[in-house]
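Before we start, here is the structure in question, set down as structure tokens.
Order of writing sets the chain letters: A, B, C and D. Residues in each chain are counted from 1.
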């Protein structure tokens, strides 16, 4: 139980801290790397919620795929040498206000709502086979569509990113 | 009657779609491939139409009995159960032809074929043009073969869109105006028709083919049987206020297509702005849909209203005939003149329909076919002269008979056919319409004969202004009509001549159905036994 | 005070939700404030993660089914796709305008 | 020869010219001599065959009538009637046999004549083709046994007449005349068609015999004798058109724009006689009133055109009007009941009038060449005042022409004498029976006029001396192809061909072959019976002969004294009767009247309707469009400021808004409200009215822009003011809007928790 608590606070800390780095860091490369830790922390939280399969997926896709993408994006769009690498921010103060309000609201609501936590919420044994079944039964259509979306995204990304000659 | 397990009517309807796909796959630079594909497709369609014509059993009446229909294809298309407050939606893919539709099918196939020839040298976006043309072809054919109201309406709208683009993109200087006008007019018609359809839908029930419980239906033939009208439903009973209202809505919907007098002003603009082939299709086929729809739907479904308003129809017909002729006489633009002459000639169809007897209706249906061929010729002729001289001003010409003798020859045939010269098909249908109408509406018909003189007057006046007199040296160099244009015109001319001499070729197809329809309407739609062969 | 500590000692649904809420807000902040398109993207990723946490938390504590997790999977899939496309667009924009600052991109034609 | 053979032969005769037409219209350029020999040969063959048919009919089957029918259209099992068919077919009785010969004789000879006359014409081959189709249609009219085919061929001769009148269509006058001929004939034709409709509505068939039998059994059109008479008169309208009877006679003189042989064939001998033939065919169904109408129309026509003919100077115009007047004679003859005489006159007149036209053609031909030779292109070769003394120049033409003139003036030993005399006797009988004395009076007066103007023509053209010689010194007699037909027609103008007795046709074969058919109309409305009529005829016969001889002699005498011995100066007389003369010279101003009344009227009406169509109907359509736009966009975007439309729109909308305001204010005002309340409600009403009007003015769309959107923006400003104290609200930045979204979401959260 204690271990659980520790794990929880540990991961939450990682997540939030790295997330704040992502958000507040002036150096985009730093943010990118911080984001990596955020994802890792979130994955940990997944584990704590007994979503082992998801945790793995998270690590694989986000850290393995998306992060790489983003890093590529950073590298390609910022000549690392010049000052462009420090990215400016706008409307910081008003945004601050809004976000503060938002966070306040959300937290307040999460806090004050009394959730109907099901008594039998003991969590799951092993999720992967179940998820597999569900994906191929109830969620077959979304699953297929998702695959198509991915394909389209693949092709589309290739198309768009292709550097065509300026006529 | 099947080929590759698909019925003749489906073939004849969807061949153009195949052609459309083929054309879409072709590179747009390769104009030859495109035009030859389109030509081949329309030719196949023509062959199919001929097949229908020759294998059509002249003894069967059709109209309201599925046994009487021929080449029938009937499969459940949309079948949704338990729709809230709607019950079960049951739409059939129901095709079939009888004596009313076969001439129209022939006409559509013929005109489409001719139209492709006529649009051989479209400069602008040739590929897109042909695609639209073929799509339009499917729409038109579908309207004439579908026996399910839902299907009918779908085809009706399918036909509307390509027409809008064909006028709006490939048209003349005022094309946008004309296209929008055409579109809005037709849309208004469609809306009214839709209202009538809905009213009918919620009044007519048939036993479900599978379970047998009562369901609403779009089946036209079911809608023609008074026994199928739910007691107490909106359109139940006979000669009720709502039935008249529905009939009028339906009538206006079709009248706009015909076009009947107050709703006709889209026609001159559309015809003038549209490219030649499209004017040909407009006048040749689209106008017929109005009268066809009235005969196929308005009359058998609302026989009481049809009888009740036949005098009004006759009056409108009279207005169309005389008013159209007079307007035509005043025109300076060749194409506008032909357009108004269409108004006048369609008036004859209406007159024949208002007769409510065999001669009249036979004349009307036959006039629909003949007007299709003859007006097509007229518009092609205008197209020929416009391609050469790039003007349609009647007073700009003169003496073309000397510069273009061949052209003048074929034009003479067309003009005299249009003014109803005996020996050419136009006369017979007009004469029958008048003969029939006289027995029902004596004085209106006598008044309408005035149109015959007026038509002769403005046709001959035009002929004189354009072709006779001293040759206008400005057009001295005009080349005579060429082989392609002849290929489009001569078949129509031959048909006109043949049907003028021996109309039975076409009439035999219609008589049984028309007689049945007349009987059916006369009996107020009371179930009529099939007439003996 | 006492029960707050007590609350802290028993991490449950609320905890996760609050984490996700904060994460969400941070993401939104990034989206709102940063001029660099890629930063905006990162913000979006954060938001998505926050959402995922919610999904899983609810499926864990309330419905006690795996549906939430499946949804989360889809979210991840879409996030991947979205990232790919977005980055491609960013690259393209960069090639055409030589900048990735969203506030300078007020036209879609070049 | 069996009846079948006769029928088959007649069909062959009918189809031969059509064959000629088909060949020539397509191949005339490729054939040698443009195929005139082909067409002419075909015609002579047809003539031979028709002579055979005629002979056989007269010798062996004088009293039979042969019919052959076929089903043309099968109406199937017509509701309320049973099986119905349209039977068409041909019939051969004496009338047909004779007409076949007449048509073919004239046609063949005209073909022959044309070879010389049209020599070297631009459309030589096509001309012969047109002659072919005309002959075909004319034979069709003759040979048919039903009204339908009658009408069909009726229109077809109209077509061929149109084509031939317009043969030289480069001339505006020619194409005008052609158009006029067709349209005027159409007017008559719709009358005829209406008559046919009346008959069909009752009898459901077109065949003469069937209709007449059914009528005899007491079944009359639409069950009323009025309709029966109407049917008769309407059918006769066709004849009015084709036979150029008053009031539709105006097209025939203009038709002289066509080549002269065409005038001879179509507009003198055959086509114009078709009307008479039609009356003869439909004779049994004519009621007394219808016949009276016909008789009067004939008489009026004969009189009017005779008076006009006196004053004309164009040789063909004179002949044209004399034709009209002679047709009037025939119609009058049939009208009064002298059936045989009327038809007889048709035959004889066909011969000598065709001859007259061909003769005039020969003269014009010669004049034309002479003038051409003299290099004179101003003189009109058709004006008789430019002729004179041609007797010696072209003897054959002169002598034949003289014979025709004698015939048409009704001098004994000519065919014209026989027929005309019978007609006049008929009119006398009619006058004595019905008391309509005016008809015989007109008849005899016109006979005198005819003799006068015909001899005027002969004298002025052929006798006397020409004012200047060199103009006509080059005039030569026409070639054989032209003179032979002249001689043949001249021969055919003698009595011997029709009756052994030069003073009475009654003893001839013709009167034996052609009998007035029994009327089939109910006795109450029938004309005087045959026996009664024959009786009266017998009495009036000798009187008629004397009278006609007197008036004819008188006419000739006056003609000679005026134009030959110059005892009376024609000009002096003309001056003395100036108004009358100009009135006749200008053809009673019929053309001018019709031009003004009908042509002008129709064109004016057409323009009016076109305007109506363009401005009113289309205006309404476009108006609906632009008003819809006005209501959505408001006036400013729709019309330019101060345009009529916009002012109109504002006016209307102003009224509407005031009304709305009134409803809102006054109508809602409680009874007995105090002054203050009233003022308050008034204010309210005014406010509402102003708001409505503003709404109309800016349009719904404008309202949307200025008010609704305004509110939206206001909230945005507010939110911006609350959320971020910056004015950068409407920056097109994603973030900004996202911020608003978030705010909104938050608001919802706080609201619904």
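Basically, a contact is a pair of C-beta atoms (placed from the backbone, for glycine too) under 8 Å apart; a residue touches a chain by one contact, two chains touch by 3 or more.
It should be emphasised that the depicted structure is a prediction, and the values quoted were computed from it without experimental measurement.
Q: Using mean Cα positions, find the chain sitting nearest the overall protein centre.
A: Most central by this criterion: B.
Q: If you tally contacting C-beta pairs, which comes out ahead, A-D or C-D? Let me know.
A: By the number of C-beta pairs in contact, the winner is A-D.
Q: Taking the mean of the CA coordinates per chain, how far is chain C from chain D in Å?
A: Chain C and chain D have C-alpha centres separated by 90 Å.
Q: Indicate the whole-number Å distance between the mean C-alpha point of chain A and the mean C-alpha point of chain B.
A: Using C-alpha averages as centres, the distance is 63 Å.
Q: How big is the gap, in whole Å, between where the Cα atoms of chain A centre and where those of chain D centre?
A: Distance between chain centres, rounded to whole Å: 93 Å.
Q: What's the distance between the Cα centroids of chain A and chain C, rounded to whole Å?
A: Here chain A and chain C have centroids separated by 5 Å.
Q: Listing for chain D: what residues touch at least two other chains?
A: Touching at least two other chains: 735, 739, 742.
Q: What parts of chain A, by residue number, touch at least two of the other chains?
A: 90-91, 95, 98, 102, 106
Q: What positions in chain C touch 2 or more of the other chains?
A: In chain C, 28, 32-33, 103 touch at least two other chains.
Q: Using the touch rule from the top, collect the residues of chain C that touch chain A in their complex.
A: Touch list, chain C to chain A: 9, 11-19, 21-30, 32-39, 41-43, 45-46, 49, 52-53, 56-57, 60-64, 66-67, 69-70, 72-74, 76-85, 87-92, 94-95, 100-101, 103.
Q: Write out the stretch or stretches of chain D touching chain A in their complex.
A: Per the stated touch rule, the residues are 723-726, 728, 735-736, 739, 742-743, 746, 749-750, 753.
Q: In the complex of these two chains, what residues of chain D are touching chain C?
A: Result: residues 731-735, 738-739, 742 of chain D touch chain C.
Q: Sort out for me which residues of chain C touch chain D in the complex.
A: Within the complex, chain C contacts chain D at residues 28, 31-33, 102-103, 106.
Q: Using the touch definition up top, name the residues of chain D that touch chain B in the complex.
A: Touching chain B: residues 72-81, 84, 151-156, 159, 162, 166, 169-170, 172, 175-176, 178-179, 182-183, 186-187, 189-190, 193-194, 197-198, 200-201, 602-603, 605-607, 609-610, 613, 617-618, 621, 625 of chain D.
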